[in-house]
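Order of writing sets the labels: A, B, C and D. Residues in every chain begin at 1.
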Amino acid sequence: MSVADLLNGMPFADHMGIEVVEAADGEAVVDLPLTEDLSSVPGRRIAHGGVTYALADAAAGAAVISLHHKPTPTVDMRIDYLAPATDDLRAEATVIRDGGSVATADVRIEDADGVHVADARGTFKTAGGDDDGGAWGVTPGDDSLAE
Amino acid sequence: MSVADLLNGMPFADHMGIEVVEAADGEAVVDLPLTEDLSSVPGRRIAHGGVTYALADAAAGAAVISLHHKPTPTVDMRIDYLAPATDDLRAEATVIRDGGSVATADVRIEDADGVHVADARGTFKTAGGDDDGGAWGVTPGDDSLAE
Amino acid sequence: MSVADLLNGMPFADHMGIEVVEAADGEAVVDLPLTEDLSSVPGRRIAHGGVTYALADAAAGAAVISLHHKPTPTVDMRIDYLAPATDDLRAEATVIRDGGSVATADVRIEDADGVHVADARGTFKTAGGDDDGGAWGVTPGDDSLAE
Amino acid sequence: MSVADLLNGMPFADHMGIEVVEAADGEAVVDLPLTEDLSSVPGRRIAHGGVTYALADAAAGAAVISLHHKPTPTVDMRIDYLAPATDDLRAEATVIRDGGSVATADVRIEDADGVHVADARGTFKTAGGDDDGGAWGVTPGDDSLAE
């Protein structure tokens, strides 16, 4: 099963319409069609900040997983909003530091017209998680993290 | 219309099940029942990182709006994941700095068992936005931000 | 050698006047007298943002090291400035999540009058670093981090 | 007086050895020779995290000020450490969003050998501050921020 198939099988990805286009060698491209369900304003399409973030987190996670082939929970992430997101979105993520315990990934999000709507950067846990029995399983003990 | 009514009318809040319980005087309490749709793992309830973030952003926004009574777009936000989120979630947000151009808000997220699952902190734009013709409208020009 | 002695022996701590008052059990208190050298404005004492951050990073690091007793490099940190820092500063740091690969610490900075001037939160690497031959040594290989 | 002259006149810049090489049109280049005073380890040159951050904050601030020609206090900043900083450092900053109340700037820090040691991103206040009587003065009232 490819990384993209794995990520596209997450219930929340389906709920949001997030689709991993590609994920390999520490890079990922992830799309999100902007439906009215995801809007902050009734009757208009203006992505809620949580929508843009969810796309960023998914893209960064896909980029890191493409190098580690196991769950790599998000430890922390920061997002900066640069322009209103009023059209379909695409996130491009790149791992800028990769190690045995943590990785760092950058994400750039543009809309279908090429407007740069947000940037994000996050830290991901790459240690542990091998033997936890689930694709997105949670490591038992005090070292677990949400994803 | 109360701040809570305004926020609860956002299509994305409805899509996620986010509910503003209260928002006044720079503080807000916001709930999110954790359904399987919001999970990272098929057949289990483990909140995707984007779910926890969406709740945090909504709570911080509600706290800031309760002081300004107009759109206060998120400029940036950081979230730190502290434990897996496997139950219904509640976010409590507090404005820790408020000014005429920006505000800063803190958010603490716990699950229904009182487990501390995440913290977040963000900067919100409090200037502008008065005359843009929409509850969550976007300020025209180069100073617009996504929310 | 205590954690405080170790940290107080860092050349940069001496250069800044940073002093670890206590560091134990995942908590730390660190002081910084605000001299004119550390100011952004000639002839006045207004701490440059880098001064407040250096204090925050030192305090968070001391709190994490007090649990791990080895180098725990900063992976990332965010600081939020809440008020001008015009007097001597004290940082109180607390580890809010501790694990075998990463830890998260919170820092609150106040001045001598009790004004809350900044908050910070960071992620620290707790894996590796045991056998690198130096108190603040750098782990060889691709997993090294600056501290 | 040029932006570079203004910034180079800050006592803390002198204390650290931070030098603004250029700052114009929303971009800045800032250098920091890595002396032993700035090290985390006695007898070696390994930049303390606070050193790299101070350089990043100075560079981002210079880039924003080059567009606004007045004090633009840092609201918040995140730094990600990517590799140990063991040589002289150079930061290149770019304003990626500029508006009437806030601006966002990106910073990339490399050492003299071209090693990418850190990235940072911050939000800066561009409103207010015109009439506060000092180059780096603090805006009176509840909207002041540390710089």
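Points worth noting:
The working rule: a residue touches a chain if its C-beta (ideal position, glycine included) is under 8 Å from a C-beta of that chain, and two chains touch if they have at least 3 such contacts.
For clarity, every value in this text was computed on a predicted model and none was experimentally measured.
Because subunit A and subunit C carry the same sequence, their contact can be compared by residue number, and over half of the numbers here are used by both. Set side by side, B-C and A-B show the greater C-beta contact count at A-B.
If each chain is reduced to the centroid of its CA atoms, subunit B and subunit C end up 29 Å from each other.
Each chain gets one centre point, the mean of its Cα atoms, and the points for subunit A and subunit C are 30 Å apart.
Centres computed as Cα averages put subunit A at a distance of 19 Å from subunit B. Residues of subunit B found to touch two or more other chains are 75-76, 78, 80, 82-83, 104, 121, 123, 144-145.
Interface residues of subunit D, counted against subunit A in their complex, comprise 78, 80, 82-83, 96-97, 104, 106, 116, 119, 121, 123. Residues 75-76, 78, 98-102, 104, 121, 123, 125-128, 142-145 of subunit D are the ones touching subunit B in the complex. Residues of subunit C that touch subunit D in their complex: 9-16, 36-42, 44, 46-55, 57-58, 61, 73-86, 117-118, 134-138, 144-147.
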